[in-house]
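First the structure, in the form of structure tokens, and then the observations on it.
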């Protein structure tokens, strides 16, 4: 599904990613772990196309998307749940969801039911402004909004950051459900190890812009993983 | 400004420019006065006046470049300062007419007699003395700029907001000066000048003298600008232009710097206007028209914002083109050319003629500049 | 404790800052002794940047005291410029050198001097100041690049120039925010060395995520979490502290 | 003296007539009065006229009309009066029968000015009894103006019969006017009259009262002074209302010109100096449409605007899109450059139009439903202003609806609020930018259609509006349509209230200065929004 191959990324002269390679498969959750400032978000920005890569290539379903603009990637099935949610503050919840219609043909422009079954709270505040929602609700809205796009690839950037435990559970459940559907590949960027550990099929730990440790759910060595993460 | 070591003031480009200007200032009068009309080398008095006009425009361009090119302040109202200087000079020239006016009133200018004003309004007093007029030429634009800038910069009005209110300012002034009861001759403005400092403004000698004076004024303001931009002050200005917040954080009082340079630039524009009036023989409210101010900005853009020689060059090139187009059958196309110029320069030549030229010459390391161009604009 | 009698150069006590409900700093207190170097770590949203903002006067604390120089100055009453003049210099995360000025001019602008219009207009370079600039250039290892345009420097070099500009203001206290983000390993180690050198005669606070770098510094570490101090001590003490490990591995 | 003679004569004649009348068949006051017209003496004619009017006989009206038109003949011999009707037929004034053989001594009844005056008054008071209420009203108002004492008895008579309240009011006012000015009415009546006039409270009433002769009893003069003051204050109020109306009208024009700008500048953060020219294009589209209609199907002229609006929207809109694609998109994030480039564009557009249509003003006609005016209380309202206000509000509402309810509107708002995220959602931001700019320009085009109805259509049309529109947007708060609405009407009304004191130009200057200061106090305007727009 997603195949990131040895990419570098620079902000001006500063290098944020160094030869990162990453794979994500349909129906699987790939967790990218690491402390803040190690380049996790930069990796997602590179995949979404919000920042150009200076080396390497990215392909989706075998098609090279390295140089496609963000819009084209989104229309190609890449859905992004950014860090800090980035809800459209002045749009209602409903309108926020509807922004996800953009890539869809007219006849498919409906909000899938499972969005509301996963996050019933959204159903009750359709007319509320996105900006008036609590952090947790916004996070759910952001995920729901991404699902409206019927993505092939779902990118989640620290969905648990600053969110109360109950909602973290809902989000975890949602991710498990989506994984179960087997329709999309999921890339989950996290600092919260326990959360990631429950959901992940593959794990990659980043440090100073490179991947320093990878493992599968089966072959996971807790200690090694923690050591790779610890400070 | 004499305090500055010449080496810093005169880099190669500015030295060349000053020499050319000097040659110009000597050649034109010679060719006009000494070469017989019959000779092909003779320069007509019309041309002398025309060149004089260009020189004044070059000064205006210089004043705009100083604030736009180096401090990132885009004023769309600099024509106002130019015109105010012009009016101050015009008032002096009006008073010089004395009883030679149509109504032969020794004190009142014709238009006041015509509007049967009882006596001279207070703000006309003193303009019969050149010294006083000269003072006003610098003071009035300077004061307006100071008050205006003091409000604007202190409340951190920047970018397009500043541009728009400067345009509103000159627009308001235009409306005002169009009114007869403002006492500046309404829409006819001030004209029919007789003589300046005792010399007839029509005389060839005077015209050449005015041209030379303008050249000297241009040279001086050029040196002043050089002095400023090469001083530490100039470095601070550029710093403000490129990273205002950062500069403020370094402990510089940004608004003070902007205010100073804005006021100075206004005074310079005022002098330019003052020299312009006797050479064209009229000053009227249309000089305040927002269009004029923006046109002056494009001179700078064409020549190369942030390069003093560029500003001067731009003023000459564009105005020569204007003369070329507006005299003769091409005239209907001039506005297309001018309009096209605005678009072409901003899209294709953001650094202007000189700027692009310099970029070519300087080595790769400066290439990062072009990336700064947009930021410089804000 | 009566602030006037503190021996600390920088004294923060019970600082609280909240942005619409969310507490960025929550009763934060710590001391920096003169000539100390302190490393500050902490996960996202721990309040590191807000703390810097409070010290430099960019943000006003809702509650608490910020005193500078043995309690001589109450920073919460001064504005950015005044605080800068007091001798607190800050280096931002993103290097913000003046790209089109040369390395030398960047330092010249930063040099501690009369900042008023008249002064800069009539400014003449004196040998003393030139020497000062040379010294800094040596310290930040940019002497050979003095006449290069700053925009053309590498990321690491920009960061050093930034630090140099900080030094030029002759601050008593340097706040250095993520100096090594985006640097190569070599640059990172050089930066550590540079900071240690600076620390010989200046007080330094470094905020950094890069643990290799913090280790290299080998100074007292303060770990912030949710706006207050979670742990303090040597890097080893802190990194083995269970709660620190926990906040870094998750909630 | 003269009048005394007249009376004497009249008396004599009257007696004489009485005697004669015996000889006449079906004699009555009308017939008796008629005789007075047969003596060929002005005084007799005068008396006869008064007598006739007094009879209130239906035949009086036509008779006096004929007299007025010099169609009245008489024969002293026959003591008869004849009317020559429009067909040239001659009828007996008494019985209305055509006469075959005219007496030999037949002559026109002659008039002099005194008689004419009487005649008019008489006719006036006659029509006080006319069938049509409107006629009676006119008559009453005529009397109010003439203040002819002679009409007083008829007024009173009319008042007794009158049922229509408006006419009654007019009559009482007319009566008051007469009473007020006739020398032989007592102070009490005069004061009563004054109060009536005061209640009328318009310019005429004021003139009437201020025109009073000075030699009046003090209490009357006091009453008059009081009334005069009262009337002036009511007039002042209406004056204010009128100004407010003009303000609304100006405000709507400003709003119309500014809405488009509010979108391009406010929502997109793009400074479009050529915005005024988009308005100008709209106006010229209207001109072309009207020319075409005049040439091909004049009957449609009243619908020309309905045809012009969509066309103007399309023309300006397409130009706008072209501009965005061709110029502006290369300048995003460089507002000052955008400003210069679009200024250049405005020069070109003006010159294009100048080359095609010439530099002179083009005459754009008002459809019938847009011309004319009506009175509302003390103010006059012209239809074109009224329609423009309605139209403006309609456009504003339509725009809001479009932004709220359509897919395009949703995507526009999304892009405005968070461009990067919108792109990540698959919204084609570049396309949205082009369309948004097209929309803004299109609305400017529509504005042009409206402005063509009240302003000269010339290549410089746009220039007049650009600065004002910017002021409105900046004042109202960038990126906020409601702010633009409030801003436009505030400035419009403020402007109109300043004009009477400062004069049009100084008023404008005052407004500009005010805004310049205002921007410096609140650089983001009254209702500033956060977001990308603010960074413009």
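Letters A, B, C and D mark the chains as written, and numbering starts fresh at 1 in each.
Just so it is clear, a contact is a pair of C-beta atoms (placed from the backbone, for glycine too) under 8 Å apart; a residue touches a chain by one contact, two chains touch by 3 or more.
Given the structure is predicted, the values throughout are model-derived calculations rather than measurements.
Novice: If each hop has to land on a touching chain, what is the smallest number of hops from chain A to chain C?
Specialist: The fewest steps needed to get from chain A to chain C is 1.
Novice: Quick check for you: compute each chain's CA centroid and the global CA centroid, then name the chain with the smallest gap between them.
Specialist: B
Novice: May I ask which two chains are joined by the most contacting C-beta pairs?
Specialist: Going pair by pair, the biggest contact count turns up for B-D.
Novice: Roughly how many whole angstrom separate the Cα centroids of chain B and chain C?
Specialist: 46
Novice: Nearest whole angstrom, what separates the Cα centre of chain A from the Cα centre of chain B?
Specialist: 58
Novice: Can you check how far apart chain C and chain D are, centre to centre, with Cα atoms defining each centre and the answer in Å?
Specialist: Computed from C-alpha means, the inter-chain centre distance equals 73 Å.
Novice: Could you work out how far the Cα centre of chain B sits from that of chain D, in whole Å?
Specialist: 49
Novice: So which bits of chain B are touching at least two other chains?
Specialist: In chain B, nothing touches at least two other chains.
Novice: Provide the list of chain D residues touching at least two other chains, using ranges where the numbers run on.
Specialist: Expected reply: no residues.
Novice: Hey, how would you classify the chain contact layout here, line, ring, star, complete or other?
Specialist: Drawn as a graph, the chains make one closed cycle, so a ring.
Novice: If I apply the definition of touch given earlier, which pairs of chains qualify?
Specialist: Every pair of chains meeting the touch criterion: A-C, A-D, B-C, B-D.
Novice: Looking at the complex, which residues from chain A come into contact with chain D?
Specialist: Chain A reaches chain D through residues 48, 50, 69-71, 74-75, 80, 82, 86, 88-91, 95, 98-103, 145, 149.
Novice: Give every residue of chain B touching chain D within the complex, in rising order.
Specialist: 74, 76, 148, 151-152, 154-157, 159-161, 163-165, 167-169, 171-172, 175-176, 178-179, 290, 294, 297-298, 301, 332, 335-336, 338-343, 345-347, 350, 374, 377-378
Novice: Enumerate the contact residues on chain B facing chain C in the complex.
Specialist: 3, 228, 231-233, 235-236, 238-239, 242-243, 246-253, 256-257, 260, 364-369, 371-372
Novice: Can you list the residues on chain D that touch chain B in the complex?
Specialist: Within the complex, chain D touches chain B at residues 271, 327, 330-331, 333-341, 343-348, 350-351, 354-355, 467, 470-471, 474, 505-506, 508-509, 512-513, 515-517, 519-521, 523, 536.
Novice: Would you tell me which residues of chain A are touching chain C in their complex?
Specialist: Touch list, chain A to chain C: 10-16, 35-38, 158, 160-162, 165, 168, 190-195, 208-209, 226, 229-231.
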